[in-house]
């Protein structure tokens, strides 16, 4: 990431001749200074019809116009190329709502990064099904909402979460070891904006108690996976993963402890890629322009 | 591993007070010099009845007797402790039969280690369902047997493999990317002595074409697993695993290429652990005294 | 680590025949149940005179006596074997003083682990040369002392740090990205109890601005090192290290950000090894019974 | 890498507005289909004057002309942009000379990759200061030259190596654990085309016996570095590095054995990046478009 203000264009479109020339030509024509750019052609591995992905950072003050005009002028090109696209402004902080339960590691980790501006975001509120971290979060000056979830009140609870998220104009929801399964409706309403950290190296050990599953199978490495939440449990597009070595002497409790370090690092990396528009979803997979 | 000649005792038994004292006391009584020793108590993670594992290297010339007498004298202790145990002599090379198909990487890798004596073993023969590497293996002075396998001759082929293995008094069989599934009978006849290298991070992507499966799922790391072969495909006790990072730009072919490096390293480490009696099987898991 | 109360004996002595038998025999004689035990013989790699290291966890309630009597009864054996040794009780929390400056990541990380009892320690106080984290630390109910350090007051400042540390009966001091160099006197007064996290993979990039040095050299991985502080800067015995991959697109700022994740993980692991008496110092190296 | 024939343009030039537009515009104008493209702006981290790097793969049969005409037509653009540039053809195999001594691992590894066409190169000859691998190399149908090096004949030996390399029109020289230091003249005559694998994680442990140095310092990870050879020992631009975890129980011999696995993997990756024109040298650093 660059210290100057910049606009980030991220886009995908059907592959053809001349895409980079068309887009970079437009930017050059207006004296736009490209700070960073990444391109990827996915040929579908044999399936017909490739798809093209790109991400371009342009220095804001190199252009003779602002973001709104950029969008206006770029639109015809995007239409011609049949693009899915968006442009964001590095000066506008994204609004990220954190969801937590009773485990501390991801919450402390994300607040540390927010406090030091490593994560340069707004956290309009934290939502939890427990009040464990109310004092801690509020000490940071961030509103904390307890929305208990029980078998009886599930629908009402999810409605309340949705209301709170919409109320603060949330743009990204982070399940920071939030131990409830969101309703399919919620997942589908906010596609590619809810991030989860699953405490296994997916697709191994889907569902509950993955460390117990890993212990039973006797694996020699354990991992964590940051993915977009879809209505199918632990099946969404994977953004980031990592692993750590264990051995026969490690109990489930040891694995939980080692795992926490991987979970918070993987969640933080995945979230940063997402916030910097480095993640482009392609079917159930991701292009991550690290 | 130590340059001097040594005996390796590896054993497991029900856990109780005084096991180490009993075993190390016996060794000390005969002035045995312990070069390396490892112990592990598995409490069954809550299940009743823990099990104890150990591996001890004793300098051969520190003892006043040879291996046969060591065995004789140790037997009563082993019986008292209800041990599964064995003792091996570092001066006696193990007889390892390699099984290959048409992929070169594990074969070249193992022969390089054998040639330099990093792997200090006998390779009485290499068996393959193809003649691809006949010249290469024979150049190294190792007999090469082609045993074709087809849907029609499966039973006869496995009988021939078994005959060849028994004929050379094989002690370990290594499936070095051997692309046939052994018969359940063969797997059960040689428990914990057939090692396979599976080209995924198990339990993900069992069975055929794991790199294609990994590509489809969009994982961010790929791996390999060295495990003992049992009659259930890719379900045997895991000895060693490792992974390597990939990204969206890697095709299935790239993953195959990266994967080969992990496969050969994991197989070589797993095989060494096995040959040095560092692997003790416990149900469907392993204790690996690295 | 085990949920039951246990005593941890850690010791080193000149290598000879019968050490394990002597120590484990003593424990067995009193019906001591060994939960975990590790041994290592260092032959000095050719130098004359090997040294033996061990660490044994014994279940407290399996013994017929308490720690004081254990010590008393074990002393003659320790003397006979010329041991450096200590025994600690898992029920007695260690007193750990944290030293910080203005970077948040290690502090948040350690307090998160302390808050959840993953790190089961007393933190009698946090000392800093800045007041940045005063509110945050005090919110956790931990006293916070500001001891400014300037070229003029160095001696007085270190005297004050020593006074505070002694006053709270500190047993371990953790430099959690404390950006001052302790005086040689302080380092020598508390040998093997001051831990530092250095933000490079030592011995590369000793001293100031290691990420700038790494950027200049164009390395492809950056790392962090947890080590005991000695009077020679960044030269003390290494306890734990790790690395993370970077590439040409990463600026110094990116490296700092990636590095923070490695720093806090390495410091936390190193500190846990230290607190569980898993680290035995041997000259300028460590034996770490992970 | 792509199965179709393609041309690879790699280039660097002073950074300015419109570089991508100029280059991709040229390609699009001739209906060139871009398979893969990578760009990097190095702002010099504060120093004045950034530099721009790029690598573009264009499908050969999408263009209406062959390589010679591509070069001719592209030249004016390259001059306008003050580029260092080259274009290569995936159908033309590069000529790579291997230099070895008495260690087998890198040689077996590279020949395995060459045999399976994973490395799609010509190996016109192997040169060694020993005859250890003469039979092995010749069995592969590759000429093997023994050029002994001794304190007395150093100049003559290097002259002979240069003669052999020039005679076979070598384009890349790989020091695959070649245990002699090349003369400064040789290093300077072939800049950025001689690759070495150093058996440490540089800049730690420069020079002789790095595993002994690592053992003495007590590091917890060991590594290997693939770099371009310059006249300063182990100081050339780093192409690729990796590490593996060790612990106190590993002797120097164990480290050598673990290290060999890292060495061959790092050398193979670095060599592939080099051969696919993915490595652009910038001062004493590299841009590697993986």
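A, B, C and D label the chains in the order they appear, each numbered from 1.
What we mean here is this: a residue touches a chain if its C-beta (ideal position, glycine included) is under 8 Å from a C-beta of that chain, and two chains touch if they have at least 3 such contacts.
Bear in mind the structure is a predicted one, so any value in this text is a computation, not a measurement.
Farthest chain from chain A, comparing Cα centres?
Ranked by distance of C-alpha centres from chain A, the top chain is B.
Since chain A and chain D are copies that touch, just let me know if over half of their interface numbering is common to both, same, or not, different.
Comparing the two copies, chain A and chain D contact each other through largely the same residue numbers, since over half are shared.
How far is the middle of chain B from the middle of chain C, if each middle is the mean of its Cα atoms, in Å?
From the centre of chain B to the centre of chain C is 36 Å.
What are the residue numbers in chain A that touch two or more other chains?
Where chain A meets two or more other chains at a single residue, that happens at 36, 249, 290.
So in the complex, the part of chain A that touches chain D is made up of which residues?
17-18, 20-22, 24-25, 27-29, 31-39, 41, 62, 245
Mind listing the chain D positions that touch chain B in their complex?
Within the complex, chain D touches chain B at residues 1, 3, 36, 103-105, 107-109, 111-113, 115-116, 118, 135-136, 139, 249, 253-254, 257, 260-261, 265, 268, 290.
Applying the document's contact rule, which stretches of chain D touch chain C when the two form their complex?
Result: residues 40, 42, 45, 201-205, 215, 217-221, 223, 237-243, 247-249, 251-252, 282, 284-288, 290 of chain D touch chain C.
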